[in-house]
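Letters are used for the chains, namely A, B, C and D, taken in the order the chains are written, and counting of residues starts over at 1 for each.
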Amino acid sequence: MLLSQYIFLFLSFVAIISALMLVLDKNPVHSVLYLIITFFAIAGHYLLLNAQFLAVVHIIVYAGAIMVLFLYVIMMLNLNKDIEPHKKNIPKVAAAVAAGLLLLSLTALVNGAEVNMLPAARNSNIGLMDNLGKTLFKEYMLPFEISSILFLSAMVGAVFLSKKEIH
Amino acid sequence: MEQLIYLIPLFPLISFLIISLSGSRLPKSITTYLAPGSIFVSFVVALLIFAAQISHPQAVTVPLFTWFKVGEFHADFSFLVDALSILFTLVITGVGFLIHVYSTGYMHDEKDYNRYFSYLNLFVFFMLLLVLGDNFLLMFIGWEGVGLCSYLLIGFWFRNSNYASAAKKAFVMNRIGDFGFLLGTILIFGVFGSINYHEVFAQVGNVVVDGKLITWITILLFIGAVGKSAQIPLFTWLPDAMAGPTPVSALIHAATMVTAGIYLVARCSALFSLSTYTMHVIAIIGIATAFLSATIALFQNDIKKVLAYSTVSQLGLIFCALGCGAFSAGVFHVVTHAFFKALLFLGAGSVIHGMSGDQDIRNMGGLRKKMPITFYTFLIATIAISGIPPFAGFFSKDQMLAEIFAVNKIMFVLALLVSLMTVFYMFRLLFLTFYGETRANDIVKNHIHESPKSMTIPLSILAVLSVIGGFIGFPHALGHELHIHHWLDGFLANAVKPNNVEMHLNTELLLMAITLVLIAVVIILARNIFISKKSIPQSDEAAMPLLKEVIYYKYYIDEIYEAIIVKPLNKIAGFLRDYIERSGIDAVVNGIGNSVVNWSQLLRLTQTGGLGFYVGAMVISMIVLLLFLILKL
Amino acid sequence: MKELLLLSGLGVLALVAEIINARKLIYPFVIFGLLLNIGLCYHDLGSNESIYGMLRLDNAALAFTILFSVIALVWFIMAKNYFSDETNISDHFSLVLFSLVGVFLLSSYTHLSMLFLGVEILSIPVYILAGSDKRNVYSNEAAFKYFLLGAFASGFLLLGIVMVYGGVGSFYITQIAASALLPYGLSEKLVAIGLVLILFAFAFKMSAVPFHFWAPDVYTGAPTSITAYMSTIVKIGAIAGFYRLYVGVVAVYAQYDFFSSYLLIFLIIALLTIVVGNVIAASQSNVKRLLAYSSIGHAGFIILGIAMISPTVNFTTWYYLLAYCLANILTFWVLIIVSKQDNAEDISVFNGLVKRNPILAGTMTVGLLSMAGIPPLGGFFAKYFILLDVIGRGYMMIAIIAILASLIGVYYYFRIIIAMFAKNPIQTATIEIGSFTKLLMILVSCLLLAIGIAPEYVYNLIF
Amino acid sequence: MKEVIIGIPIQWYIFLSIALFCIGVLGVLFRRNAIVIFMCIELMLNAVNLLMVAFSRYLGDTGGQVFVFFVMVVAAAEVSVGLAILMMIYRNTKSTDIDTLNRLKW
């Protein structure tokens, strides 16, 4: 086994275990922390895949911004105890079976799928900021601009929903 | 001349638009002239075109504009003028005009006078579209349109919830038929690549098309005809449709709309005659409907219900004739039937008007003196529908019977029975209504009066037509003698498929004679029962007459007749009405409706409102659908 | 490009108007802007403009843009009261306009990133609008359900996109289609699973059975104007987006093995949608919910038409959407007015409407008849064209089932019509509407009739 | 690290991503707390991101990695809107339990 394979297996193990813990732990704050661990594991995968810039952005955006938002809401709504009422057992089993079956059918479908590696794949620099920036601002100019509309509407919406009605 | 055809539907449309858009602001006096006037102008145009057609019978297509063209599919908005369509147009505009005039009197005190006439004009417009269009799609639009107008008019007096449910029943049953028609049309496009009559029928002659497909197409089209023309199993809406105003029953449910199915079959005679299977189906369903509804009509006590079942029965007879290949005879009977049945309905309307809204014949009687015009016109119509020469019904009915005889003897016997029953229940109706003593209470009795001129004049005109209407299609037998070759056959020859049955002159005369003798016997029988014996149908609660009374009256023959024929028939009719119609057919139709609602109640439970369930259901159905992919890859 | 700038500019303008205290100007500007947009699109027909390689304004895209602009115009006119009742008028305007940008992206994308962004830009404002009645728990619940299930479906959309990307190596739909013909470096398995997953996500957005669960609840809970918006514009967006993908990409893979099962899945979804939507609608008594289920049934008809990929699929889809949306807006229009007056949404509020206001009853009847598919209204031909395609492809059974299901539609639409014409009103007070509203209602009704009488003209105008 | 793509078959990444994705789905089905459900949806999106980067690397195409940016954009926007909706509901019902949200049904 190669070193990279060991690293892959280790990171995958961490990601899957903490993802499972996220689902299974009853305390929402713990869930947030497990999710952050998963994000770090995924960032490790990004590094493994030579996507250094993305790894950093991933940590900043997800662990730094989105998860803080989650924590903020949990604290604000005072949900940091395991107050979650228990689901009955049958729905739980059904949920597990459904998710398991989905996993099975998806793996059955992708099993044996080939991805043709192109010669360009030898270039390990595609994940560098330089290349990404060029692609983003040339080819992906329009989506980049359009995403501002997405943000704008999300912002207007979030403000509109959260502010108190003035009568 | 034929190029002016577009004017015919135009006038009713304009009148409809004016009346409906101005709403109740338009004074009644203007509507009174506008609505019938527009139909009259159309009638005049139709007459002119008819005259042109008589001198040069030809099929003329009058394109107005290309309607649309999507891919290979194209439909033109164009009219087809030929003998068949112009004949129907004449009936629609002519009878339609008279009924409009009649309505101005009948509906005079109605609050929604304008709304009524706008519906009526719209109906005439759609009906004209139906018969004049030169392709199946245009016919379908007219088809749906008349259905809609019929629905609106049946439910016109919507204060009564029974009326509304009758309207709904009519619409739903019609839609079942429309479903067949629509599928048939689409299949025609699939097979022939066109929906234009000419293009389709031209291919029927030349190209060899799979016989099975033709059978499918014709059966589907016939389902449409069954719905619209109230045949088994979709006939129960028509008696219920009598809830509407009486002129509407006369126009829509006797003279025009219900004959649309016959128009459809006659128009596609080239197609229908290719499939012997379909022809058998049509003949059998026709005669079964005719027989069933004639027996029911024997014992109905509502004046309009009798006429309604009679209409169903006559339509059944026509379908039977069509099924035997007698297309032009069927069309002929449609024309004469339109005259006398409209007259009967209008007469009934006049009677109801005089009786202050009572429709029960057990409360009538003796109206002969008080309503002479109504009586004489009603008498003429009764004679006409009974098939007594030289009135209109004789010629058309005789021609149909003769051609049915040539094809199938058993059907002929049944058809003969049907027409004898017709004679009986019509004379029963006549005697009970106009002869004897008035059985109404005093308030109603004192109020009985002849209807206004606006109602009696249309009655008189229709009576004249019922007398002379038959001469347009002289029967073979007399025709040969008088050297008037069956003119209608020839006239219709380029539109519908002529019947090749040739019958021996003597046979036809013999049949005619037998029929006439039997009719006479039946009339005497009816007279015996209802005038001499003065027997009145029992009220619904009364017990059956006892044996003692039978002996007391000493009408042995009558009583034997009563015991052997009337009572069993009464039972059969009651049985047919109660079990076949109400429990059987209605139950099936209602059952389908109920089962849909039950399924609906069941399925809506899947909408539990719980998010967990929704997500789970989505995931599970994804897995199930992915299975199809897994099995393939 | 102009259209994109115009639409997003309008949205920003609505926000700016709040700052400079010019709220009154927004409404006329929006109406004018949409008219201008229709004009621009009409002028651009045939130009086939490409925007950064990400969008292509081909005729199909422009036709859909014209369609949603027209419907949005009618919707804005209809929803005038909705806006005037609100204190946060500019928020609402900008959210609606931004979601229109999403519809625009969905009708013209050539790159999967634009597809994804289009879906999100369309959805996110609508999540918020569904909950815009903040104090109403039903509105809250609607927003939450829509959001949660929508985000869940987005996950599957993304998974599908990434699978297609892995299978082909590109996000451009032209290249994905080209790979089908030059299968160098193509992984059929990944493309197949990807396309099916995208189908699921779109089925969700189009509220197709069995991914429809959100629709009845959300449509019922949201403010009625927004329900009208969701069942028209949002549906146009989802269907336009799917149409582009199906006709541009999936149909090219027709000779591959997986296509037959893809089509099978697709047809199952379409048929289930038609049947379940119409059947459940038959037992609804809340008119809003009834219309929600009926809109599910209509979506089924549309996707059935798309599945046929006939040469005229573009027109049939477009025409069905036009007829459906016009009729739908008309019915919602009347529903809003009536339910506001009586403060209820049950079928019984329509009892005897013809006596309370004949114009409203007439408009409602036109809308319902068109949706029921009664000629000569637009809705009839819409169904007719699709059935022609279905039978043309030889799917006789499917056509019969579809027609039978639409017969059920006749039943429940007529329940409302009967209530209006044949029952006595519960409340007898007449309903007053402005003469301008009256005029517009009649105008839209006539439009619905006109597209039925002259579909040829509409066809020539756009296609 | 340069030759990582030789060492690790792409299959591994596909399976890993699908596993993470399905754990996300499991969480959505399993939990009743709306906030945790949102987190599980984030997990689903991240699983997709991971696969996107892997494909991008194996195909040698930067497009995939740029796409990940847009996914992040959308995820951020969605989360902010979602949490706003949640707050709104919490204000009215004092609960984040999704099983209480079933007033709209049938």
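Of note:
Everything below uses one rule, namely that a residue touches a chain if its C-beta (ideal position, glycine included) is under 8 Å from a C-beta of that chain, and two chains touch if they have at least 3 such contacts.
Keep in mind it's a predicted model, so treat the numbers as computed, not measured.
Chain pairs B-D and A-D differ in how many C-beta pairs they share in contact, with the greater number at A-D. With centres taken as mean Cα positions, chain D sits 66 Å from chain B.
Mean C-alpha positions place chain A and chain D at a centre distance of 5 Å. Averaging Cα coordinates per chain places chain A and chain B 71 Å apart.
One simple way to say how far apart two chains are is to compare their mean CA positions; for chain B and chain C this gives 43 Å. Within chain B, the positions touching two or more other chains are listed as 604, 607, 609, 611-612, 615-616, 619, 622, 626, 629, 633. Shared interface positions of chain D, defined as residues touching 2 or more other chains, are 10, 14, 21, 24-25, 28-29, 32, 38, 55, 59, 61, 63, 66, 70, 74, 77-78, 81, 84-86, 88, 98-99, 101, 103-105.
Shown for chain C are the residues that touch two or more other chains, namely 113, 117, 120, 124, 127-128, 131, 134-135, 145, 148, 152, 166, 169, 189, 192-193, 216-217.
If you sketch which chains touch which, every chain touches every other chain without exception.
Remark: chain B residues 604-605, 607-612, 615-616, 619 touch chain D in the complex.
Within the complex formed with chain B, the chain A residues making contact are 87, 91, 94-95, 98-99, 101-102, 105-106, 108-109.
Of all residues in chain A, only 2-5, 8, 12, 15-16, 19-20, 22-24, 28, 31-32, 35, 38-39, 42, 45-46, 48-51, 54, 57-58, 61-62, 65-66, 69-70, 73-74, 76-77, 79, 84-85, 87, 91-92, 94-96, 98-100, 102-103, 106-107, 110, 113, 115, 117-124, 126-127, 131-132, 135-136, 139-140, 143, 147, 150-151, 153-155, 157-158, 161-162 touch chain D in the complex they form. Contact residues of chain D toward chain B in the complex are 25, 28-29, 32, 98-99, 101-106.
Contact residues of chain C toward chain B in the complex are 145, 148-149, 152, 156, 189, 192-193, 196, 200, 204, 210-211, 213-214, 216-217, 257-258, 260-262, 264-265, 268-269, 276, 279-284, 310-312, 315-316, 358, 369, 374-376, 380-381, 384-385, 387-388, 391-392, 399-400, 403-404, 407-408, 410-411, 414, 418, 421-424, 454-457, 459.
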